[in-house]
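Here come two complexes built around chain A, the first alongside chain B, the second alongside chain C.
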Partner chain A sequence: MELFLQQVVSGMVSGSIYALIAIGYVIIYKATDVVNFAQGDLVMAGAYTGILTYSLLSLPFGVMVIAVVGVGAGLGLGVGGMVSLMLVRFQSSMVNTIIVTLAVGIVLNSTAMLIFGPNPYPLPITFGKVPISLWGVRITPLSLVVIGFSAAVMVVLSGFFRFTRLGKAMRATAQNRDAAALMGISVRKMFALSWMIGGVLGALGGMLLAPLILAEPSMGIVAVKAFAAAIIGGFTSLPGAIIGGFVLGVLENLAGGYMSTAFKDGIAYFALGAILLLKPTGFFERRAVRRV
Partner chain B sequence: MKHAKTFLTFLALIWLALPGLAPAADRTGVAADTITIGMFGFYTGAGSFYGTGARDGAMLAINEINGAGGVHGRKLKVIIEDDRSTPAGSIAAARKLIYSDKVFALINQGGSNPLVATLPILKESNVPVLGQMPSSPKVTRPFHRTIFRAASFNDQLQGWLIADFVMQHLKPSRVAILAQSDEYGKVGAQYVIERLQAQYKVAPVAVVEHDRDATDLSAQVLKLKETKPEVVILYTYLRPGAIYLRQAKELGLGAQVVGSVAAGQRVTVSLAGENAEGAMFFTYLPILEESDNPAMVAFTKKWKAAYPNVIDPGRPALPDILGYVATRLFAKALEAAGKDLTREGFVEALENVREFSQDGLMMPITFTSTNHDGMSQATFFVIKGQQRQMTGVVVGGRKLLDEINAMKQ
Partner chain C sequence: MSTARPHASAVGWAAVLVGSAVAAPLAGVYPLYLMSLAAIAVIVSLSMDLLMGVAGLISLGHAAFFGIGAYTSTLLTAAGAPFVVALLGGGVVAGLVGVVVGVPALRVSGHYLALTTLAFGEIARLVFLHWESVTGGASGLPVSRPALPGWLRPELAYFYVIVGVAAVLAWFMQNVLRTRPGRAFLALGDSEIAVQCSGVSVVRWKLAAFALSTFYAGVAGGLFGPLIGFIDPASFTLMTSLMMVMMIVVGGRGTFGGAILGAIIITLLPELLRTTKDLQFMAFGFILGGSVFFLPRGLWGLAERLIERRRIAAAPARAAS
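Moving on to the complex of A and B:
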């Protein structure tokens, strides 16, 4: 039982980060119908921003967080701006637009490689070295902070979308752009805000990941799992993305612990395929029914 | 008389045709003032730490050689291709360099996985290849005349030496292995297990794998912990090795760590921090990169002068040294092959390299006409107080390498 609980707790740590990044995908997609394939490289940018400010420049933790949020917002806006340019100004197809997000990701990746090189970098944040033991389950203060921070961000976002005017405006735009525009909501501003929030979530995910997995230019590949988590939850459902993230993290660990560690990563995608066979829209996506 | 004349005419014709019947000396890539060399490796992707280091070290050597006038008056012209740490990338890079760029010889700085996939093309083309990174035994066995491994260690020998070190110096009763699930990890682990069983009649209590790009090893650590090992042998790359060290500490797995050369680098100390305390790693550097040995200090100085914009404090590291030394060896063989440079002459010159170590920066490299694995000696370092210290234990030797080469393939 102890081993099972330990696997679950360890899985929740990575799951919380998948959830954070997955929400970024969903927010952007819900507002703009665009899948942001640069999300993984925004994660990487967040990690390196953390390393630059906290490790290399020895700035305080709070300054690091502000810098990461700023970089995430800026890059998110930048990618969103390019996407808008493609779709609106150049009337480009969705495929071309998605390729633009891929291209931005490659540019970010190459920039990180040029500046920092290929070596992994640590982000030495620990919040205490001694693991806490609860009912035989060990968890480090860092892991608790990662889960807690991710949960706090999700709660804040949830509150933002439910109780603030701006959040409601974003939800209205995601539901029906035309109606939102008729109600006086600036759809352009809502798009920009969505990209900004998506970028911030990706960058914060990277900042939390770096102490756990070390930063290197290719670390953005973790966003592929977050993408899978978003699909499991239903690609337009925020609660679904959160649950999808945690389910994927825990499933990976249990599969690795009880089946085969060699296929720990592969088994997660196998499960994704199985879930989609049973419920193609994901667990929380409601199929839109058009009455004629 | 008539038949004698016919016979003599026939002999004369044969004599005149003989030079045409002999295979022409292959001078592809050799011009009046340049020798074109192809260099390909994993400069991006999972192995980029090793590939870019080897490339930078190699280019430092190339620039030094060209600055001193080249080899017999010919400058070395290098064409570089990235294999992206993938077999498909390696095959494409090799094809381009061989058939499109028509290089004289190749330097490979890629991993075992990509290079093993490329071997059929390399063997078919008969272009001389000097491997600087790949460690798979398949690179040099079956033996092929034009393929050499200069500065990385044959995984079969490394696996045996790690097993020997663990059993002879640490003497555990319970040994477990954590290995990467690709060619590098699988093959290395296979030979560790083979040596443990054949020489010491010991079977590992657990053999656990992880994906090369894995970012969380908690499942693996928990699986190992269940078997209560005294020693865990890591056959893995740098980042998963550092992640293992952290997570093993977090999850209470206190086994002694002995790792392969890829996992134990200069930067491991900063990556794993206090979690690396007591961990031991295989290395083929007789002197550590951070030591104050005059040869290492001189190398570091010229490396930093060549790469002033590299901000990484962990460099130069082993891959940089490896690339530099192996390329110096490459140039020495070009020199020994003479002004009338041919591929055959270059291969012969490589086979005559004896005890090459470039100021003692690496363990000595020797090739023969039947053994193209250059290195056979290694040592181990231990991390104590966030510093690396040599253990002073030297392992290996040509006798063991010859034993491996004599084994049935």
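Moving on to the complex of A and C:
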């Protein structure tokens, strides 16, 4: 039982990170109908920004967070700008949007490779080394901070979407672009904002991930797991993506703990296939909407 | 597909084929190796073009199918199967796995296929790496070259085998595209909704396109192993899959010539960029992104347009004389 609880708690730590990255996918997709294939590289960029500011320049934690948010917003806006430029000026097909986001991802990835090299870097944030014991489950302060930080971001975000004018405008744009434009909402600005928020969430995910694993240029593959989490949630539901992230994180750790660590990485991919096969609309989507 | 003068283009491609066959004996070991690699890339490129250029689908995990073909045919050869059986076996297994991967993803939107294939590429790489009793793990498997008539240099004889297979597969693909299934594939690329309204099953034909494409990738993998003499998981990574996407994007989508041009260029690109070393990977990103912006129909489309422009410019002169 204790092993079980221990695995569930560790699962929630990685799950909260998957959830953050997954929300990034969902916000961009809901607003613009684009799946951001550079999301994984934004995660990577966030991790390296953390390393650059916190361990190489030894700036305080708060400054690191601000830097990561800035980099995430900037890069997100950059990717979105490229995609929008292509959609407006050139052939707009799904394949093209995928290729453009992939290409930006490759450039980001190779930039990281060029600056930091292929070797993994640690991000030594610990918040104290002594694990806290809760009902027999040992949890490190860092894990608590990761879960707490992710939860705080989610609360702020849902408050933003629910209570602020801008958040409501974004929701309106996601629901019906034309109607939103007729209500005087600048759809272009809402698109840009979605890309920025999506980028920030990816980068923050990377910043939280780096202290748990090591940062390396190929760490962006974690975004595929976040994508699986978003699929569990139906890909257009924010609460769904959050629950999907936690479910996936916990499942993954249980598989790693009870079966074999070799299965740990595979679980997300199999979940992805299984859900597409059995319930392609996910578990939190009321209806499948398709724009024609 | 260039339908304007099919016979003229068939003659042109036959000339290219004969030309490379005649030039091959004159080539040194390394150029011949690159030519063989390019011929395998042509098969891969045709496979990608069927998805991306014709049917409007995308696979970001084609290296996995390439790898499955390579491992399957290597294992079949080791078990004593003749080369042709091993090659077809590799293609068939890759095609079957392709259907299994495609069934869930193709029922929903195209983005799902892209990320599902990407995820599958990772699964396949993990399997190649961890299923050591079968795949040899990270150290890979040695591959023997098929027994060929001894009066040719072995590399040269094997080059002819590769080119022969590539030519047959290219010919077959061109013919498929002129038949009913081929028109269904083309229609999928234009408008899925129109296809549906015409009473053609979108899912079935998407799946058929995906199966044929992964079969081609598997056969290409079966040819790849004996050329290198050795296969390991490092040959079948996400980067390999992205290079396959680049072939079609750079060469030109939906054109036979574009697929072949793209295959050759992407095979030679690492040679051309050798001096740039660390920047090579970044160059790939810029070439991929830049092609979408500046060469929407690829290099082949650009060439066609330039030829067309020259012809129009020359036309009044001819009329006057």
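Methods note: the second predicted complex is superposed on the first by the 279 of 292 C-alpha atoms of A that agree within 3 Å, B and C clash if a C-alpha of one lies under 4 Å from a C-alpha of the other, contacts with A are read in each partner's own complex, and residues count from 1 in each chain.
Rule of thumb we're sticking to: a residue touches a chain if its C-beta (ideal position, glycine included) is under 8 Å from a C-beta of that chain, and two chains touch if they have at least 3 such contacts.
Just so it is clear, the structure is predicted and the values come from calculations on it, not from any experiment.
Taken together in the superposed arrangement on chain A, chain B and chain C clash. In the superposed model, A:Glu216 lies in contact with chain B only, and not with chain C. Within the superposed three-chain model, A:Pro131 lies in touch with chain B and out of touch with chain C [touch as defined at top]. In the superposition on chain A, A:Gly46 makes contact with neither chain B nor chain C. In the superposition on chain A, A:Phe227 contacts chain C only, with no contact to chain B. Of the two partner chains placed by superposition, A:Gly205 touches none, neither chain B nor chain C. Legend: residue contacts after superposition of the two complexes on their common chain; A:Tyr269 is shown touching chain C, with no touch to chain B.
Once chain A of one complex is fitted onto chain A of the other, the partner contacts of A:Met82 are limited to chain C, with no touch recorded for chain B.
Contact with chain C, but none with chain B, is seen for A:Val100 once the two complexes are overlaid on the shared chain. Once chain A of one complex is fitted onto chain A of the other, the partner contacts of A:Thr111 are limited to chain C, with no touch recorded for chain B. The superposed model shows chain B running into chain C at a single listed stretch; among 42-50, 96-104 or 294-302 it is 96-104. Counting contacts by the rule stated earlier, residues 113, 221, 262, 265-266 of chain A appear in both its interface with chain B and its interface with chain C.
The residues of chain A lying in touch with chain C in their complex are 35, 37, 82, 85-86, 90-91, 93-96, 98-100, 102-107, 109-111, 113-114, 221, 224, 227-228, 231, 262, 265-266, 268-270, 272-274, 276-277, 280, 290, 292.
Partner chain A is touched in their complex by these residues of chain B: 43-46, 48-49, 51-52, 181, 208-211, 213-216, 218-220, 222-223, 226, 238-239, 242-243, 246, 250-252, 267, 270-271, 273-274, 310-312, 314-315, 317.
Touching chain A in their complex are the following residues of chain C: 52, 56-58, 60, 101, 103-105, 107-112, 114-116, 118-120, 122-123, 126, 130, 193, 238, 242, 245, 249, 278-279, 281-282, 284-286, 288-290, 292-293, 296.
Taken in their complex, chain A has these residues touching chain B: 3, 6-7, 10-11, 13-14, 56, 113, 115-120, 122, 124, 129, 131, 138, 140, 143, 209, 212-214, 216-219, 221-222, 252-257, 260-262, 264-266.
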